[in-house]
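Supplied in structure tokens, the structure appears directly below.
Labels for the chains are A, B, C and D, by order of writing; each one numbers its residues from 1.
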Amino acid sequence: MHIGLVGLGKMGNNMRARLEKNGVEVTGYDTNPAVSDVATLADLVNALPAPRTVWIMVPAGKITDSVVNDLEGLLEKGDLIIDGGNSKFTDDFRHSEQLAGKGIDYMDAGVSGGVWGLENGYGLMVGGSQAQVERVMPVFDALRPEGPRDEGFVHVGEVGAGHYAKMVHNGIEYALMQAYAEGYELLDTRKDIIKDVTGTFKAWQRGTVVRSWLLDLLVRALEADPEFQNIEGYVQDSGEGRWTVEEGINNAVPLPTISASIFARFVSRQEDSPAMKAVAALRNQFGGHAVKAVD
Amino acid sequence: MHIGLVGLGKMGNNMRARLEKNGVEVTGYDTNPAVSDVATLADLVNALPAPRTVWIMVPAGKITDSVVNDLEGLLEKGDLIIDGGNSKFTDDFRHSEQLAGKGIDYMDAGVSGGVWGLENGYGLMVGGSQAQVERVMPVFDALRPEGPRDEGFVHVGEVGAGHYAKMVHNGIEYALMQAYAEGYELLDTRKDIIKDVTGTFKAWQRGTVVRSWLLDLLVRALEADPEFQNIEGYVQDSGEGRWTVEEGINNAVPLPTISASIFARFVSRQEDSPAMKAVAALRNQFGGHAVKAVD
Amino acid sequence: MHIGLVGLGKMGNNMRARLEKNGVEVTGYDTNPAVSDVATLADLVNALPAPRTVWIMVPAGKITDSVVNDLEGLLEKGDLIIDGGNSKFTDDFRHSEQLAGKGIDYMDAGVSGGVWGLENGYGLMVGGSQAQVERVMPVFDALRPEGPRDEGFVHVGEVGAGHYAKMVHNGIEYALMQAYAEGYELLDTRKDIIKDVTGTFKAWQRGTVVRSWLLDLLVRALEADPEFQNIEGYVQDSGEGRWTVEEGINNAVPLPTISASIFARFVSRQEDSPAMKAVAALRNQFGGHAVKAVD
Amino acid sequence: MHIGLVGLGKMGNNMRARLEKNGVEVTGYDTNPAVSDVATLADLVNALPAPRTVWIMVPAGKITDSVVNDLEGLLEKGDLIIDGGNSKFTDDFRHSEQLAGKGIDYMDAGVSGGVWGLENGYGLMVGGSQAQVERVMPVFDALRPEGPRDEGFVHVGEVGAGHYAKMVHNGIEYALMQAYAEGYELLDTRKDIIKDVTGTFKAWQRGTVVRSWLLDLLVRALEADPEFQNIEGYVQDSGEGRWTVEEGINNAVPLPTISASIFARFVSRQEDSPAMKAVAALRNQFGGHAVKAVD
């Protein structure tokens, strides 16, 4: 199998390496000529055997839109675009409809695994037609982890379903991280009782109910920087977490821990909280309680 | 009616003024001789007609315990102690039992109204026996706001019930404040749309569903310091909010907004969040996402 | 002043009554001929002096869209549409742009007060141009509560700002209601201590920090049906609360109590919770804990 | 090594089996003579070589208290009691002090692993003196999972530290379960998009960021009962989760996801929600919104 790969950043580059290691030929294109195999997107398309398969691995939103637009002009009926980025599932609906006019097929693939995917394989959630999923299965088999196919790959449904599943995956991920983090803070706060915080997390890696890959990573992080002395409690969030809450709201599904996880990230990035200024002002108003003045 | 009042701080002093204005004679004692009517607690007791009524208005916990202990030694069978501070209801159980040995009666009074109570009257929630409540009703009538008695005073139940009601009152108060504060932050964040944040809150004072005394105070605070430029988003909490959550937990009563309000205060006081350090570290571990390094 | 009013349901009908009581002439149109003053929307438009002012008071979304479309065909340059329903602020952007093509002006008005507005007046939050706001001020003055204008009316900003403010108002309202409700449940659960739950809420009406109009209504409801024996804990939600959370998410504003309030409503409407089935299944899996079987 | 084991229920019985398989001699006592090795607790004590080690594995609270009291009368200076149940850490402080009078040592062991511990080994968190931990290390080595000792065992600190760590472990566990459950509900609600909910969870088992043992169990449960048709969304909670929140509150540590998880369990057990009755009543009061009447 021979596919095109658009986007050779941190994720794309690792994925190319894993694909090639597992026997899939890859022609890569990136706007950075230093890492690109071809000079232009047209060259990439020309380098591929028909029906062509082009995997997009670029930032969601405008950049993905732009690549889809460009490929629409270059590909032919029967070709396939797979968006493996972190696009919103509604973008998939739009892209699929747009490309259908020219007879170009579309598939979305949620990809999990981060920087460890090169070594461990990537968990894959795919949306698209059964026929196309079967045709490109060698690509998925090359990317996914060792072991039974259905423990690292799923054909979730029609177009959009792959990114929908990835969105929920990331929403869950946010809450899992927050759960461990809350436990960490409580243990860290009671170092009068807990004499070995890192050792406690380390000991949870086998046999316990809370063992997980994220726990393993937390242990790794704590061993590298006990008490996180070099890390600020400042946490970005990406689209998927927000979209998960939006979908919960739209579908009347209560998501108390997932939303709490995102709100905690919002707060972590604030220099000062307008809301808490208001609460401080209110306490001062009714109780005469002192406020902490801005320096 | 003539009562003793122990504790002449911000609250106690105002309460004395309101009591006297409304015809209750007050002998006040405070460890600060500058404001005290008598030199010692014994002098206070001696100044009162039997059966004596002593209202305690000092910080909850050890200080209230200490005053109760001292009064136990000074008062006589048939006298009455009213704890009007912010004691935990379980302290009332303890104090009541302790004093019963000597035949001294005990009552707890939750007092709401803050610095405005002198002018507006204090909302009162009382726990104790029916007979004693009736005997000291002139005191409650002097303290409570104008209007029907049952709109500013309630005999909630036996000893402890007054402070229990006050505890819940404060738990609700926390969540009410947080609700307005969240709305404030959203309006303040969208000043591209909301051209008059203070004016919006001001306009909610009449006719709307959200009108309240806390809203009036928020308007007052915004008019004094638009955008709260001189106030840090740093908010203390006192025992009642915590005890409310504790009681929710103990009685399997879900308290999502009250607990969220308290957690927001905890976060507001942190220089940096250990939990969010852990989340940042985890994101770095699996995704290679940059962390914000401590300076 | 003489205006047209489209929609004579629960809200529209009360508003007409208040407008007429305060000297504003109203021609009303409703699809229900029994309450309509005119037979058609065209008749309504013809009945009004130019420049015409038509206040729309119909359900948000498709019905409001449809009325705006119809009025676009009937009104002339210089006329004004005011949407007083619970539309999303982004609908205002759309309607305003749509009507601008024909030179028809547009204004949005958030209206708070519910069934009490007829008697108490309506809290008004308005978005639109300064000139139009001034022109229709007699309408706002007729609708708003007695007292200073700026305590019941605000010109929040350009088109959309009025509904944005109303949206946040309702988000706050959700959390305020939830706050009292949580306190109620805790008091109700501890009736071993709290001998008079209704009386406790009643006593909070004067002097306390938590006094508010919603509290007054809660007392009213408790006096009508102590312990809410005839009411199921089943609560609908409307768009504004959801949009508030959506806006919080989009603008990185943490809204823990507002979101918790909405999630509580979602849960209240579930026959059974899929999430809690999953938790029960997990407990059974790792601990052998019994699950409660479906009948 | 030869130890006594008090309590041969679901957990104790499995632990005895694992201990014996791994070369630790066990004399077991249970109030159920059918499973007990000896007739009385005194017989158990007499069967052990000095210094004796008795592991208690009975329900926390009064039953554990009672066993400790009985053993206090039977054991001698230099003997050791290990409480492996789910006791609160403050009970450990009390038990340790109580036994110190007679020179009996005390240790607490948090044990995780549930019904899978027999096969997989138990994650162990231990509080006590270094000397005693070393003396009974063969017991811990027999119980803990295969692999490096520090990945399944930790000496957390002095007496109480083991149960403290286990308490936090369980608090985290609650939030982890809730996180997966929220994601499950969202996927399950959008079966129009997600054609294979079970398959999606199954595919997350390898390569993804959310892979964990709890995820494996969720897949197992879904495969046994897709859509959980036989399970009610009714979830018990045990002490550790509640104590975790209590400790968060006492130490000003925000625990939004852990508390949300517990509140979700509380709600899951309610026939009807008093809080939501109050919200429904309020909506009816101000907006005339219909309430759902109790049948």
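One rule holds for everything that comes next: a residue touches a chain if its C-beta (ideal position, glycine included) is under 8 Å from a C-beta of that chain, and two chains touch if they have at least 3 such contacts.
The UniProt protein names, listed by chain, are A, B, C, D = Decarboxylating 6-phosphogluconate dehydrogenase.
This structure is a prediction, so every number in the text was calculated from the model and none was measured.
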| item | value |
| --- | --- |
| Any chain in contact with chain A as well as chain B | C, D |
| Centroid-based (C-alpha) most distant chain relative to chain A | B |
| Distance from chain C to chain B - Cα centre to Cα centre, in angstrom | 33 |
| Intercentroid distance (Cα basis), chain C paired with chain A, Å | 37 |
| Residue list for chain C, restricted to those that touch at least two other chains | 114, 178, 180, 182, 185, 189, 209, 213-214, 253-256, 260, 263-264, 267, 275, 286 |
| Contacting residues of chain D [partner chain B, same complex] | 209, 242, 245-246, 249-250, 252-256, 259-260, 262-264, 266-267, 269, 275, 286 |
| Complex contacts: residues of chain C adjacent to chain B | 89, 112-114, 117, 120-125, 144-147, 150-158, 160-161, 164-165, 168-173, 175-176, 178-180, 182-183, 185-187, 189-190, 193-196, 199-200, 202-215, 244, 247-248, 251, 253-258, 260-261, 263-264 |
| Residues of chain D defined as touching chain C within the complex | 10, 114-116, 177-178, 180-182, 184-185, 188-189, 213-214, 217-218, 220-222, 225, 227-236, 256, 260, 264-265, 267-268, 272-289, 291-294 |
